[in-house]
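Note that the chains take the letters A, B, C, D and E in the order they are written out, and that residue 1 is the start of every chain.
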Amino acid sequence: MLLARVTGTVVSTRKEQRIEGIKFLLLEKIDAATMQGKKDYVVAMDSVGAGIDEVVFYASGSSSRMTAVTDGKPSDAAIIAIVDSIDVKGEMVYQKDRA
Amino acid sequence: MLLARVTGTVVSTRKEQRIEGIKFLLLEKIDAATMQGKKDYVVAMDSVGAGIDEVVFYASGSSSRMTAVTDGKPSDAAIIAIVDSIDVKGEMVYQKDRA
Amino acid sequence: MLLARVTGTVVSTRKEQRIEGIKFLLLEKIDAATMQGKKDYVVAMDSVGAGIDEVVFYASGSSSRMTAVTDGKPSDAAIIAIVDSIDVKGEMVYQKDRA
Amino acid sequence: MLLARVTGTVVSTRKEQRIEGIKFLLLEKIDAATMQGKKDYVVAMDSVGAGIDEVVFYASGSSSRMTAVTDGKPSDAAIIAIVDSIDVKGEMVYQKDRA
Amino acid sequence: MLLARVTGTVVSTRKEQRIEGIKFLLLEKIDAATMQGKKDYVVAMDSVGAGIDEVVFYASGSSSRMTAVTDGKPSDAAIIAIVDSIDVKGEMVYQKDRA
């Protein structure tokens, strides 16, 4: 899975029928070493109710369909977790409410 | 899913039998931060009736087969939505008929 | 799917049993904006009878197994169409017999 | 599969229900020629009990779901082996307890 | 499929149960235009008995599980053929026993 920050929303009226009612979030991938954005974006379906600016990780490919929200849908990226904290070699490099 | 702009069409007479009758569109991936083309192209099957210059997002891999049009076909990229608007941190960075 | 030009053939005697009798073509990916080769190569199975120098597009991943030739085989790239023409914003940028 | 070093852990409370109880490790991909980190990170599920600083290899995509731990889960990266040694052309370039 | 040269072996004692008894080879991807290594490595399962320095091509992703050796296993890369020769536009650019 890849780490990313939720940066926006994408709205579509004309879309494949199976994805009616799904929320599409714009994610910017982040570098785990610095927690900075990589200016590399992906549109993901949301299975956890993530909000703007939250750090998440998402599953790609067929694995992104293994959630209650995306099952059987043409999803190739789905947020599966909101990150609370990241610990690198015993040091906390990210903590949600102190970011 | 990735954001892209429809830039052209690809025509083929000699092709795998299962993709007879399908429309192939040439997409240029776009950078969500600037909405500029990235000079990176992909041929996608179309499940939504997208037209030249429209901004869309498409699903890759096996997920691209989860549409009414591409089911069971050798598709690794299918347009699944025409984008109306993109909102980044409360600011509308793209709106279809004002682009 | 990605655009590529057929540049060669790959011959193998010792191979996985399921791919006996299949033709392996060497493809060079091409840039759709210029139709120039990108010096990036992939070995693809052929489901359409493509020949040297023809422009094709191929499917990657599990989708490459959705052809009569590759079904159930360890294929991650299969040519699914020989390109006749590519039209970008109303201008014909490639036409098979005038290339 | 790709070689990587376990560099940290990622904690999440709000996540897709199917991944409750799974441990998420932060991996840094390594260059097999030098065994140095590539500053390219991925979050992986762990099927083998890997620990910080261990060199592992992980499976990506649908293949990462073919373990006892990840079966049916939205995993696109799972550690499947802890590396004891790497031998390149008869020379041992990495050995676990001498690294 | 991608061309690569077998450069080494990877040994692991602690691994996912389903991959017990499988041989893991370290591959260096090669540039088909020059047959030179690209310093980009992947660990692959072997379905054909490839040896050090042999040029092979391997299948990635779910397709790598479509061999007798890898069926049902967490493989995302499997060698499926040992290359005898590569012919580019009528010129033999690689021949196994003359390399």
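Assume a residue touches a chain if its C-beta (ideal position, glycine included) is under 8 Å from a C-beta of that chain, and two chains touch if they have at least 3 such contacts.
These figures come from a predicted structure and were not determined experimentally.
Between the two copies, chain C and chain D, the C-alpha superposition involves a rotation of 145 degrees in steps of 5. The geometric centre of chain C is 20 Å away from that of chain E, both derived from CA atoms.
Centre-to-centre, using mean CA coordinates, chain B is 33 Å away from chain E. Multi-chain contact residues of chain D, defined as those touching 2 or more other chains: 61-62, 64-65. Round the ring, from chain D by way of chain E, the chains line up as D, E, C, B, A. Partner chain C is touched in their complex by these residues of chain E: 1-3, 31-33, 47-49, 57, 59-68, 78, 80-90, 93.
The touching residues of chain A, when paired with chain B in their complex, are 7-19, 24, 26, 28, 39, 41-44, 52-53, 61-62, 64-65, 72-77.
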